[in-house]
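There are structures below to look over.
Next come two complexes built around subunit A: one with subunit B, the other with subunit C.
So, the complex of A and B:
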């Protein structure tokens, strides 16, 4: 999921790839409110996942964000 | 004149660890406010840039521009009185007062000359600052500027924010979901060209982001926004005096219906040494819709590079007296 997340953030949200590392905080990875909005919309469009911007923003790191998305995709609440 | 190649690269993001941030407390006529100064280890390629944003933007509202430009020049973001962390600006104080407070930032930081960017509500502040002390302003950038706002539009905005300020249906000022959605929808619609959204880059994303931002505005912030818009109604944002001694770039999105292309063009015509152009596929929210292009355009102008032939703008127009 990490690579897929990185793909959305770089291709759709316009972020540069280098700072998006597994241990980076969302701020250090450059994941701003615009990127979170893009991510929420893309998850809904591509995967039918409904994760709000607030839920996504709570993840402490990029890896935790990927885990959150993977967990929701696996059907966990 | 040299033109840019059709393939262009926007300014690269600077890593946060490459920059330093300093918060500087300021005071103007008893009002406390703060600026953020972002510097890097690299030698600056031009004078520091002081950014004066829109009515709804505080000094943290430009994260992408900050990352793209901070490697090239010192950046100064400010919460002028009435915005963000600053004290309230009394409603009777106008744009000249804000221009004084803005110039005090440069004085306090010891900058002899600055580049000045005024976007939307910040445009009249920047224009008045350049008019009053042209020798201090190396270059002036105005984005989304107009001599006179559409009174109906400003009145709509004022009513939205006054309604939000009054609609605190709980002790802590939170609204019902439907109440916040309605306010946010009305507020976002005033800033976006909804009729041409299919021709605006990132329009759905920007609309959703603004909607979310506006839905959580507190009554206190809404009250401030209402005051800002009453200030726009009280007098014309830009004075009729022309600027003769400062180089300027005036631009907006080609589909801007808040400050229209013709209104921006008229502002450029009032500045002797000005360049005017429009960013394609964008409206008044051009800094969000085409952020990479926005950063590229500003950096080019601030470093005296040619603006001819850019694939994301219309052809530059020289409308002032110096043609």
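So, the complex of A and C:
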């Protein structure tokens, strides 16, 4: 899931890839509110997943964000 | 009730055919660095995140009407005409609350007894105005209409608001529409347009209108500037523009991979890219000028049409989709096949 997340953040949200590392905080990774909105919309379109910007923004690290998405995709609340 | 694309009928009566395009930008350029002297932001962030390097700013004695006159004059020169039956001016920054700005623009263009009015639909204004102008033509009320999008956004943007100050610029663009045959090159296709007033406060200038008339002396200065819920607007802009563009393409009988050019309101670099991505239209078929003009609201689409035509990015025979979104919330899209013989006047 981490690689797909990186793909969305760079291709669709237009972020530079280098700072987006597994242990980086969202701020250090450059994931701003607009990128979170793009991510939320892409998860809706691609996976039918409805995660709000607030939920996504709470993830402490990029890895935790990937885990949150994977967990929700697996049907966990 | 929103008319589905299947129900978007072919325009009745004469079609509105593009015969000229023009644009005008005030000379003064404002760089990101100049803005950042008063903003907690940086040139690199603004370039990278919203794709803007500089924008234009009208001098204090220059207003929307002045920009509109120059753009309209050039569009008329591009069309090779000196007369028109109507002037329809899309703007969020009229010279005055009253009267509308269009009549004075028409007068200054040397036009007399001309139908002239303003259209307010935020950044969707120019495509809204084009739809209204096309309606005048198909109804037989006018045979030639000058449609203008003009803004002095610097009048309504708080230069210390990090969310809006980097985005907006001043400028104007115009187009001449003349009565012609439905389906001929240059004829505007059906319009896919609508609004969602439940989000009227997503982009708003709280004070200065009738609603807040009792707070005229007490409202903080910031309430006379644009307030925008950026992320919410981002989401709705991408969703609504993507769907309206799909509807307009379907009404024109085009598959999306048959679209040669997507002219999308230059809201910010990422919104335009997200709409193109959602439609599967590649960057090379999506002209952009936001880097040097910013978001010029209702002037954005005509400025991009004029610049793209001038740079040879709009070629005769190109299938073109035009889509915009703005305060209201409002959105509008249409289609045309780019006609031969258009020389943009910048």
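The rule we apply is simple: the second predicted complex is superposed on the first by the 77 of 77 C-alpha atoms of A that agree within 3 Å, B and C clash if a C-alpha of one lies under 4 Å from a C-alpha of the other, contacts with A are read in each partner's own complex, and residues count from 1 in each chain.
The rule is simple: contacts are C-beta pairs under 8 Å (C-beta built on N, C-alpha and C of every residue); 3 or more make two chains touch, one makes a residue touch a chain.
Here the structure is a predicted model, which is why all the values come from computation and not from measurement.
J.: Touch check for A:34: first (subunit B), second (subunit C), both, or neither?
T.: Both partners, subunit B and subunit C.
J.: Just checking: does A:23 make contact with subunit B only, subunit C only, both, or neither of them? Give me first, second, both or neither.
T.: Once the two structures are laid over each other on A, A:23 reaches no partner at all.
J.: After lining up the shared chain so the two structures overlap, which partner does A:53 touch, if you call subunit B first and subunit C second: first, second, both or neither?
T.: A:53: touches subunit B and subunit C.
J.: For A:14, is the partner it touches subunit B (first), subunit C (second), both, or none of the two (neither)?
T.: both
J.: State which residues of subunit A lie in both footprints, the one left by subunit B and the one left by subunit C.
T.: Dual-contact residues (subunit A): 14, 16, 32-34, 37-38, 40-41, 53.
J.: Quick one: which bits of subunit B touch subunit A in the complex? Just the residue numbers, please.
T.: Touching subunit A: residues 12-13, 15-16, 63-64, 67, 204-206, 208-209, 212-213, 288, 291-292 of subunit B.
J.: Show which residues of subunit C lie in contact with subunit A when the two form their complex.
T.: 48-49, 230-231, 234-235, 238-239, 268-270, 273-274, 277-278
J.: Please output the residues of subunit A touching subunit C within their complex, sorted ascending.
T.: By the definition above, subunit A touches subunit C via 11-14, 16, 32-34, 36-38, 40-41, 45, 53.
J.: Which residues of subunit A touch subunit B in their complex?
T.: 14-16, 18-19, 27-28, 30, 32-34, 37-38, 40-41, 53
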